[in-house]
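Chain naming follows the written order as A, B, C and D, and within any one chain the residues start at number 1.
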Amino acid sequence: MRILSLIIVILTAAVLIYGTLDMPDCGNPDTPASQHVSPRYVTRTMEETATPNIVTSVLGDYRGYDTLGETTVIFSAGMACILILRKRRRQ
Amino acid sequence: MIDQAPILVVIFPLIFAVVTPLLGWWKKDLCYPWVILALSLSSVCSIITLKEVLGNGVIHYHLGGWEPPWGIEYVIDHLNSFILVLVASISLLVAISSKRLVEEENPDKVVYFYTLFLLQVTGFLGIVATGDLFNLYVFLEIASLAGYALIAVGEEHAPFATFRYLVMGTIGACFYLLGVGYLYMATGSLNMADVAQILPDIYSSKVVMVAFIFLLVGVAIKMALFPLHAWLPDAYTYAPSATSALVAPLMTKVSVYVMIRIIYTVFKPYYSIEILPVNLILGWLAVIAILYGVIMALRQVDIKRMFCYILIAEIGYMVGGVGLANRLGVTGAILHIMNDALMITGLFLVAGAVVYKLGGHNINQLRDAFKKMPFSMAAFAVVGLSLIGVPPTCGFFSKWYLILGAIEAENWIFIVALLLSSAINAILFFKIVEIAYYGKASHAHNGDSHGGNTIDEAPVSILIPLGVVALAIILAGIFSGKIVSGILQFAVPPNL
Amino acid sequence: MDMEIITSIKPLLATVTPLLCILLIILSRRIPNLRELWTIIASLVTFSIVASMVKTLYTSKIIAYKLVEVYPGVDIAFRVDAFGLFFALLSSFLWIVVSFYSIGYMRSLDEHSQTRYFAFFAVAISSALGVAFSSNLFTLYLFYEILTVCTYPLVTHNQNNEARSSGRMYLGYLLGTSVAFFLPAILFTYYFAGTLDFSPHGILNGKASNGMITFLFLLFLFGIGKAAIMPFNGWLPRAMVAPTPVSALLHAVAVVKAGVFCQLRVYFNIFGVELLHNQNLDIFLIYFVSITILLGSLFALKQDDIKAMLAYSTISQLSYIILAAGLYSYHGMLGGVVHIVMHGFGKITLFMCAGSILCGARIKKISRLGGIGRRMPITMLAFLFGALSVAGIPPFGGFMSKWFLALGSIEAHQWPILVVLLTSTLLNLGYFMPVVFISFFGKDSESIKGYPDIREPSPFIVAPLAFTALVSLALFFYPYPFLYLAEIFVKSMMGG
Amino acid sequence: MFDFIVGKYNYWIHIILMMIGFYAMMSKRNLIKKIIGMNIFQTAIIIFFISIAAKRGATLPILEHAHDGGEHAIEAISYINPLPHVLMLTAIVVMVATLGVALAVVILVYRKYDTLEEAEILKKIK
C-alpha cells in the first residue's frame, strides 16, 4: 500500500513539475494571469466599486457570487457538524 | 421573473435551506412541505429556463451585472438547461419519497437533514448552471460537504465509509482546483467561454496539458470512474435511504456533465482527441468499468451494494459515450445521463422501500416481495428491464445510440462490453426477481395463496415517486426520438 | 409494385384492446366470472377488429399507422400487410378459443393467481399482434421482447422449483439470443441500410459486402430464438411446465409462430429472397433447418410426456415454415406461410387434448394412456384429427401446406428436401399414431383401471378442442381467407 | 539553466509540499494524520495560487492615493494580481469547512469504534 502511494505521489509530482516547465517565472509581470483579466480590477476598481482595496472589491463585487457560495459552504459545514454530532435522545 | 429564472433555479433551494432550520425550530413537521415547495419552485424555474433556451437560444446571465470574464456568468445552453430540469425534478421526486424514510432512520435530525438536502441540491444545480470554472469548484464543495454529512448519518458503518469518501472527495476537488490554477496561469481567465477562446493558441503548452489532466482526474474521482471508484460502494450502501436515492443518481451524473463541459466546451475536440488521445483512454476505462461493475454486482448479496456496482458500470456507459467522440456517441452519453438518473433513482427508491418495509437490504429479505409489495416490485421490474435494455424502456435507446456511435467509431470492444453488460444485468435482475417472485420454495407448491402473504406495501409517499419514475422510464423511452431531435441534438458539442 | 397505403388506427386498436382489458381484469379480480367475461369480450373485440381489415387487404392495399418517432428514421409504427394480417388473424382467433378453454382448465385444476394469469395472457396476445403489425424491425423487436418478458410469469405459473429452473432457461435462451445476436443484427442493419422499414424486396441489397450479409444472416438466424431452430431449441420443451392453455396458445401459436414470423419477415422484407438466393444463403438455410426438422421428430419419438412430445414436434414443424424463405419458388414460400395456420390449428388441438387428459384423468405420460380413448372419446378423436393434420395427411389442413412445400422443393430443384419432408411425415405418424392406437385399442392402464370417474372434463374444455379439430379438417376444403392472404403476400414478393 | 531553476523553484517547492500532504492522505493509517495530510495538501495549493499572483516590484492590491481625486494614473503593473487572492480567500473557507466536517466525521467514527487507527477499525467492521 505504501509503495503504491509512493508511486502515485511520484507520478503526480512528475506530471505537475512537467507542467511547470512551460510556466512563466515566478514574479514575472507579463504572464497571462496578470494581463488578461486582472488589470481591469486594478485600474477601474475606484470608478466601478469605489473601493481602494482591490481584493475586497473583487471579493464583494465582481465575484460576489463566489462569496455567496463561500458563505453557503460555511453554512453547510455548520449544518453538517450539527447533523453529524447531534446525539440521539435516549428514549 | 422569467428573466431571472436561471438564477432562481439555484437560489430557491439555497434561500429555503437557510430558512429551514428556523422553520424547524418552530415546527418540525413543516420542513417536509417546505423542501417540497422549494424544489417545486426550482423545478418550475428550470422548466421555464429550458423553454427559454429552446425558444430563444443560449441564455447568458451575468451575476451582479458584471460582464464576463470579469464577473461570474451563468451560461445556460441546451445541454445544461436539460440537466437542470433533470436534477431539479429528480431531487423533487426523492424529496417527496423521503418523508417516512427520514422519520424512520433519523427521527431527531429531520430539520438538519432537510437543510442539507436542499444545500446538496443547490450544489448540484450550481455546478450545472455556472459558466465559471472557479464558481464550479465552490458549488462542487457545497454539494460534497452536504453529501458527506448526509451519508455520515446512515447505518452502522456509515461514518468510516464517509471518512474515506471525504478523503477521496477532497483529493478530487483539490485536483480540480489545481487544474483550474494551471489553466488560470496559462490563460489568465476563469470564464469557461473565455478560456475556450484563448486556449487554441496555446494548445502546445505543457501547462495546459497538465491542467487538462488534473481537471479530468479530479472529476473522475467525483464520478467514481473505474480505478477511482473505491469510495463509492461503501458510502452509498451505508447511507440513509433518502440520501442514497438523492446522491447516487445525481452526483455522478453532474460529474459526467462537468466532464463533457471540460472535454468539449472548455477544450475543443481538436485538443481532447487529436492532440491528446483522451477518447482512447476513456474508451478503455469505460469498457473496464462496465465489465468490472456488472461482474462485481453479480457477486453481491446486498442489494444496495449491488446497485452501487451497477452505478459504476453505468458510469462506464456514459464515459464510453463521451469517449466515442462522435455525435451519436455523445448524444447517447447525454441521453444516458437522463436515463441513468431515472433508473438509478428508481433502484434506490426501491431499496428505500425495501429497507423501510422489510427492514434490511440483503437480497434474501426480498423473499415473496412480489406478494407483499406488488407495486414496488412492478416498478423495480420496469427499472430492471430498462437497465437490461429491453425496449420500449429508455435504457434501450441510450444503448442504441451508444452502439451506433461505437459502430461509427469502429470501437468494437465497447459494443461487446455493452452487450455483455446487458446480458449480465439480465442475470442480475433475474436473480433478484426470482427471489422476490418465488419466495420460499416450500409453500409455493400447493397453489394456495390465500393465507399468510397479504399485501404490505411501502408508504404512498414512496410509491408515488417510484411510480412516476417507472412511468418516466417508459415515456422517456417512447419519446426519446422527440427528446433527441428537440433538445439533445443542439446540446451535442457542435464541432464533433 | 406500389400498393396503396391507407392510414387507419385499427392496428393500434387491435394491439391495445387486450391491454385495456388488463385494467378491467385487475379491477374485477374479486369476481372471477366478471373477470373472465372481460377476457372473452376483449378477445372477441380484438378478433373483429383484426377481421375487419381483411377486406381492405384483399384489394391490395396496406394499412399503416405511425405512433411515434423514436429515432430519426425509426418509428414505432404499424403496417398491416397480408402476411401480418395472416398471423394476426390466426392469433386473435385462437385467443377466443383458448380463452374459453382457459376458463375450464384453470377452474377445474383450481389454479392459484388466476388474475395474474389472465392479465399476462392478454399482454402476450397484445404483443403477438404487435409483432404481426410491425412496420419496421425496431417495432418488431420491441414487441418481440415484450412477448418474451410477459410470458415469463405464465411459464413459471406454478412457482415451484421446476418452474424456476425452466423459467431461467426460458428467459436465458430468449433474452440471451435476442440481446447477443438479434439486437446487434438490427443495429448493423440500420447502420448499413439507413432504415429499418420492411420493404417487399428487402433493404439490404447492395448496401453491405457479401461477408457482412452472411454475418447478418447468421445473427438473425440465431438471434430470433423463438423460432426454436437447433441449437437454440432447449427452452421450448422446458416451457411445457406452464399450464396447458399457455402451452397451447403461446407455445404452439403466439410465441413460436411469432418467432418464425420474425424470421420470415427478416428474410423476406429485410434481406429479400433475391439477395438470399444470389448469395446461396437459401440453400444453407434449408439444409440447416432440415437438421432441426429431422432431429426434432426423432426426439419427439423418445418422449413419454405428452407435452414434451408435442414440444419436440413443434420444434420440428416450425422449421418447415422456415423452409419458405429458403425454397426459392412460389409454392415453396406459399407452403411455408400457409403452414403457420395449418400447424397452428393442428397443434393447438393436440395441446388442448393433452390438457383435457390432464384435467379429466390426471395423466401426463403417454405410457399410461392405455384405454383412455374409450373413456374420453371426443378428446382422443380430436387428438387424432390434430395429429393427422400436423403430419400432413389428407383430408386435413396440414396436407395442403406440405403439398405446397413438396411442390416448392421440386420447383427449386432441391430433391433432398423432398426426402426430408417425407421422412419427417413418417416420423410424425410414428410418434402420433401409437398414442391414438393404445388409447382406443390398448389395455386399460393402471392409471385408469381403478378410476371409474374418468370421463370427459367440463364442456369449456372439450368444446374448444373439438372445434379446432373440426377447423383443421375444414381448412382442407376451405383454406380461405388464409390462403388468399398468403397468396397476396407471396405474389407481392415475387412480382414487381 | 540557473535562471530556469531560480524562476521555477518556488513552484517546485509548492509541489513537493503538496505531495507530502498527498502522501500522508493516502498512506497514513491514523485518521487524524490523514486529515493533517489533507490540510497540508490544501494549504500548498493555496500558496501555489498566491504565487501566481506575484509580480516583481509590485505592491499589495490596495490602491494608494485612492482618494486623491484620480490625478495618479493607476497602473496594473504596480499592484500584484488580486484575483488569486480572492479565489484563495474562498478556498481557505472551503478548506476550513472541509476540515470541520472531517473532524466531525472522525468524532463519529471514534464514538462507534473507540479508535482512530484504520487497521483496527477495519478489523472491527469485519
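Here is the rule we go by: a contact is a pair of C-beta atoms (placed from the backbone, for glycine too) under 8 Å apart; a residue touches a chain by one contact, two chains touch by 3 or more.
Remember, it's a predicted structure, so these values are computed and weren't measured experimentally.
Distances from each chain's CA mean to the overall CA mean are smallest for chain B. Of the two chain pairs considered here, A-D and B-C, the higher C-beta contact count falls to A-D. Once the centre of each chain is set as its mean CA position, chain A and chain C turn out to be 68 Å apart.
Here the spacing of chain A and chain D, counted between their Cα centres, is 9 Å. Averaging Cα coordinates per chain places chain B and chain C 43 Å apart.
Mean C-alpha positions place chain C and chain D at a centre distance of 71 Å. Taken residue by residue, chain B touches two or more other chains at 134, 138, 141, 145, 148-149, 152, 178, 184-185, 190, whereas all remaining positions touch fewer.
Residues of chain D in contact with at least two other chains: 18, 22, 52, 83-84, 87, 90, 94, 97-98, 101, 104-105, 108. Because contacts link the chains in a way that matches no line, ring, star or complete pattern, their graph is best described as other.
Applying the touch definition to every pair of chains gives A-B, A-D, B-C, B-D. If you check the complex, the residues on chain D that touch chain A are 3, 6-8, 10-12, 15-16, 18-19, 22-23, 26-27, 51-58, 61-63, 66-67, 70, 74-77, 79, 81-87, 89-90, 93-94, 96-98, 100-101, 104-105, 107-108. The part of chain D that touches chain B in the complex is made up of residues 18, 22, 25, 31, 34, 38, 41-42, 45, 48-49, 52, 83-84, 87, 90-91, 94, 97-98, 101-102, 104-106, 108-109, 111-113, 121, 125. By the touch criterion given at the top, residues 15-16, 18-24, 31-38, 40-41, 61-66, 69-70, 72-73, 75-77, 79-84, 86, 88-89 of chain A touch chain B in their complex. Remark: chain B residues 385, 388-392, 397, 400-401, 403-404, 407-408, 415, 419, 422-423, 426, 430, 434, 437-439, 441, 444-445, 447-449, 477-482, 484-485 touch chain C in the complex.
Those residues of chain B that touch chain A in the complex are listed here as 14, 17-18, 21, 63-64, 66, 69-72, 108-109, 112-113, 115-116, 119, 122, 126, 134-135, 138-139, 141-142, 145-146, 148-150, 152-153, 178, 182, 184-190, 194, 198, 205-207, 209-211, 213-214.
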